[in-house]
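Here chain A shows up in two complexes: once beside chain B, once beside chain C.
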Partner chain A sequence: MSRPHRSEPSSRGLIGQIIDHRWDYLYVLPALGVMMLVIAYPIYYTFYLSFFRTPPSLAMSEKIFNGFDNYATVLGSDSFQQVTWNTIVWTVWSTFFALILGLGAALVLNREFMGRGLLRGLLLIPFVISAVAASYIWRWIYHSDFGVLGAVLFDLGLIDGKLNLLDNIDMVLPSLIVVNVWKEFPFAMIMILAGLQTVPDQLLNAARVDGAGAFHRFWHVTLPHLKGVLIITVLLLFVQNLNHFIIPWIMTGGGPAGASDIWITQIYQIAFGRIRFGIASAYSVILFLVMVVIGYFYVKALTGDEDRQAH
Partner chain B sequence: MDKRRITRWHVFGWIFLVFLLIYAVTPLLWMLITSFKSQFAALQYPPDLYPKNPTTEQYVRLLSPQNDVGRQFLRYLLNSIMVSTVTTILGVAVAVPAAYAFSRFRFPGRKALFFSVLFRNMFPAVVFLMPLFIMMRWMGLVNTYSSLVITYLTFGLPLSIWLLKGFYDNIPVQLEQAARIDGCTRFQAFYLIVMPLSAPGIIATAIYSFITAWNEYVYALTFLNDDQKLTLPVGLQRFFTEYATNWPGLMAASFIMSVPVVAMFLILQKYFVRALTEGAVKA
Partner chain C sequence: MLLKNAARQRNLKGIACALLTSSALVLPAPVAAQANKTGIDPETWTPEHVRSIAGKTTVDTAAECSKIVPLDYEGELDYWYVGPNEASPQLEHEMYEEFWAALAETYPNIEINAQNLGYNDMLNKLRTAALGNAAPDVARLPILWGSEFAAKRQLSELSPEDVGYDSDDFWPGAMKSVTLDGKTWGIPTNNETMAFIWNAGIFEEAGLDPDKAPDTWEEVVAYSKQIKEKTGKNGYGLVARVNAGNTPFRFMPMVWGEGGGALDEAADSPTYQETWIDSDGTRRAVQNYYDMYVRDKSVPVSALTNTQTENQDPFLANQLAMVIAHPSEYATMLDRASRATGSDKEAAMEVVNNMRYGKIPKGADRRAVVFGGSNVHIFNPDNIDGDLDMEAAKALICFMTGPEWSTKLAWVSSNPGNTRGFETEWMKERLDTIKFLDVSTSMLPSGIPFPPVAESPEIMNIIIPEMLQNALTEKMTVEEATADAERKIQSLLDGM
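Now for the complex of A and B:
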């Protein structure tokens, strides 16, 4: 019969082992069942649909097989290059700034002082509130006629005239990145804070006794211990940003003139704006393939973690 | 060791923290300040940095069932509460046994299963959106709360299982073994020993599911189009298109929408932070 924590390898074959453990599967069955229905099937269906021309009525019995036409349409479209470039800019800079701010905040909050818990709580609020609410709050702050940011910058003499961010082709993407970083740097902060707990005090003290300055202690003691957490945090942020939909969608809808359009908003627009499920599916598959490459590193980073805690 | 000595790194750290605090908190303050202005007062240039004649008219309007706006808003609020609560309860019920199995049992395929669980995090929501939309249409679930509950439940599961597994890993297996020796069945050992010990983990996971469901937008936007069924995030957008210049109203609605999740989060911050970081830092 099955026992918890068997460590010796079973002498029976795979089938035998599966039979041995048949009751264990019962525990994961509900989770697996739901996930097969809602995750596995849709992935398969997206691949399948990407080879068809779908009717606007979405009556799927009338779809027509068209091979790789949808892929050609996506890759050959005028906007593809710009949207891809926007996606890269959006994802890389959002990840970079969220990580830097999160790391800085974690390092400062890692020492004991009065009101630390309160500060951490305040810094975490942007992370918990709804991205839709956040988008409207920032839209109001950025408002070109009545926005508080424009008024403050004007008073400081940094701009003359109205502040135009969301209708400005050059400024729109950086402005959205500011909102996105605002929303997700707290996540990096708590991940890194937790990672800092694992840095042994003795090691830092030893380095201090040996005369290492604050920067050297950080570079040679703290940072190597943080490596694992940093890798996972970067990957999680990266994936999250690549998939982020709400902020560009609510704040600009991809405009002006596609200047803040990224893959995900583009796909949504093609699918539910123009009702072209086939093309949107092909687009999704391309995005999916990019994800698989990133996912490979993600799983590798996580398994590395799992091996280190091996029993 | 002179921990109290002030170095220039400390000074730099404090300056950084002050800037970060301004960045993080001012937008929230501005939301709150705006929500207490009248519609007329909000559309002034330059804007008043505090409401000269603070008014709660927006809150009263949103929360009283006497008028159309209030009725609509309360409806959205109720929908959100309902969808989030059902999702949370079902999610925990499914995640607990799965996480326990992943933590304790060594069945073949355990590792592959676990990573397939995690793998879901890699997929963009839109990959699922179209097939799920077709599927929901086919099952007649478009415009129902069930469509959202099923979707949120599934998409919450991988992380819920991951969080809970971290908690179960920390509970010594000897406790269960002792209970088994004393005559408990495996299920009893799980129910009587492990469940109570993992209560903080379950609470944290439940909070996480609730907040995720509460804030979810894309699926709600796509699956629901009946005005009576909308959840708050989509409802907020509907409000914006209808009353485009009523920024104080929009800010008040945003504030009301944020209160439950922020309150829950701050009260249970300790568990939540622990749960969220548990898996990532174990080395």
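Now for the complex of A and C:
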């Protein structure tokens, strides 16, 4: 059996290059096989199913081909506009506030002070706690009749009745965003903290010597160094929020009256509540395409950073 | 058909049905129609009647089941069910433990891999499992769910006769829930109706007669308002969460009572092809909810996210006056109160002592309640994981649907699906030890089953709660909300 060897760059054609790299392909084959099975096939099947009508009274084997009807149903439905708007509000504001809070916490934790380790540990708690457990806890904190938050505000004299957050169509989404930000800002904090530790002290000292104040040092030295980390963090948070299911589903189930329904909860409801796998698949494909666009920018941001470093 | 059925009834139903058939000509139309739905005459199926027939029969379950499957049969099967959970009374847990022990003693060579899944999780898991051909051999499902699997032919045909019982031993309404396209797809295990429960202490505080329940839904709205105004406490335990079985079980009795419906399930001869949601009756019911939640603010604000489980704490804390709940609610409250400590325990016990049970109020049209319960099914061999062990499945089902275990497994929370259970010594013991059981049992003849169609879970768990939320959040008017629901149901019936 010949030993695998490190392939040299070749000027041969595509087939030749594949032959040159045959051992490399062999090594990644098992991983590729698993990925095909658990990622590629479900994606293919979701695309396939999105062209079929699957009412609850029919077995899947009796599904009926209906072309692009499911896409038309999704895009033309009364709820699509509201759910899409909710998704945008949920994703953009969750990402924005988690980033701002994470940045602030990271700047604080980047300084040396007594108890820094303890504070860092405490701030990480929301991130490591189970999202399901956190959702139930917050549901009770917010509870419209017996919630802790309402009771505290009432005792302080700040409200004179019940605090209705989860059962109020205007307040429910902002309330859930608060929970989501609380849950994920430590992720942004850790990412940015790692980035802050790469900012060269010499540059900061030089800026200080040149008379730059704290804000100018941050704006002109620190922030440019964080640019790559911030872009990656924003993209990761954005994707995570777009796909975030647990908090809205457990806390409100998308209600009341659809006021906290976002794409992902809507897809779940259509698939498993209404047993319309065809329509849910069409919805998923639309979400998938949005994710592909975001993924493109994510990869571009990553490789762009590598390219900059290479030059 | 009714005459033919009545002639075949055993002692228990013989009394009731003979009266029914002879009185159908003279009974008022709604009563006769109601009797048609359940096979039992509401006028005769009283708490006294239920007590009078209990304890008349003895049963040997092992002997009955050995005629179907030999007791030394060796086999294995997977079984999923919605069983007792952390909110269930201790007694219910003990009954299930006894059941498994008795089954193992009777059929020592049948290995059963049983999974107790929560009500809110099981349906989706089962749907996914059946699609992936990984369903269990046998499953006991809430009454609403089976039709969907039957419509997709994911179940095997199964009738009481297959396990040695007579279909006439089961409530006709329950048999209807396992019948689709003229075939039988399961066997009822237990059937119950809910009851109206109130706190006599709060009633007294509010200046109401503590021992008199509201008789109509109109009175419920008025009582709820009076309680809120006089005591500051919530009157009625309204629930309107989407995707929770609690909501339709509490709302549909009001809809039917007021003369409405989702489909035409409340009609004398339902076709399940007509929608009654955008009707005066349904609008009256939604208006009642609106009046309590929006106009009077006499119910919990959290009704849109709450289920009945969340109402148990305020009820026990003397902060909520009226709820609709299972027959087991008294045992549950007693259990919770006995676990409290110090002054909390004293207060909770006082509430338990103040608990009163009554019939579900009536509306402008009738008194109605959801005919609930569970059915056991065998899955289609094509949809299960591995080979179906039909004999093992029949042994399990014979054991659980017989008069003995259909009574014991329903000890605190329901009633035997096999009506021979009403005649047993265990039923007598239940009636002697479980407070208010006779009241909830006497509501059975007023029960209306949810439509046995594949679309039922979506209609009851999603479309109707959404209709309520649209009205209660004032996103739509009552009229717009019912019209919107009508459009959704119609599109469902059109096969979209």
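Worth pointing out:
Please note the rule applied: the second predicted complex is superposed on the first by the 291 of 311 C-alpha atoms of A that agree within 3 Å, B and C clash if a C-alpha of one lies under 4 Å from a C-alpha of the other, contacts with A are read in each partner's own complex, and residues count from 1 in each chain.
As a working rule, a contact is a pair of C-beta atoms (placed from the backbone, for glycine too) under 8 Å apart; a residue touches a chain by one contact, two chains touch by 3 or more.
Owing to the predicted nature of the structure, the values given are computational and were not obtained by experimental measurement.
Of the two partner chains placed by superposition, only chain C is touched by A:273; chain B is not. In the superposition on chain A, contact of A:164 is made with chain C only, not with chain B.
Within the superposed three-chain model, A:81 lies out of touch with both chain B and chain C [touch as defined at top]. Greater residue coverage of chain A by touch, when chain B is weighed against chain C, goes to B.
Residue contacts after overlaying the shared chain place A:43 against chain B, while chain C stays out of touching range. Shared-chain residue A:253: touches chain C; no touch with chain B. Once the two complexes are overlaid on the shared chain, A:58 sits against chain B and chain C alike.
In the superposed model, A:146 lies in contact with both chain B and chain C. Residues 58, 60, 143, 145-146, 272 of chain A are contacted both by chain B in one complex and by chain C in the other.
On chain A, the positions that touch chain B within their shared complex are 2, 4-6, 14, 17-18, 21, 24-28, 30-32, 34-35, 37-39, 41-43, 45-46, 49, 58, 60, 101, 104-105, 107-109, 117, 119-126, 128-134, 136-138, 140-141, 143, 145-148, 151, 154-155, 182, 186, 190-191, 193-195, 197-198, 205, 208, 214-215, 228-229, 232-233, 236, 239, 242-243, 245-246, 250, 264, 267-268, 271-272, 277, 280-281, 284, 287-288, 291-292, 294-295, 298-299, 302-303, 305, 308-309.
If you check the complex, the residues on chain B that touch chain A are 1, 7, 9, 13-14, 16-17, 20-21, 23-25, 27-28, 30-31, 34, 42-47, 49, 93-95, 97-98, 100-102, 104-109, 113, 115-132, 134-135, 137, 150-151, 153-155, 157-158, 161, 173, 176-177, 211, 214-215, 217-218, 222, 232-234, 236-237, 240, 247, 250-251, 254, 257-258, 261-262, 265-266, 269, 273-274, 276-278, 280-283.
Within the complex formed with chain C, the chain A residues making contact are 53, 55-60, 73, 139, 143-146, 162, 164, 166-169, 251-259, 269, 272-275. Looking at the complex, you find that chain C touches chain A at residues 124, 127-128, 131, 148, 151-154, 234, 241-244, 300-305, 313-314, 453-455, 457-458, 461-462, 466, 469-470, 472-473, 475, 495-496.
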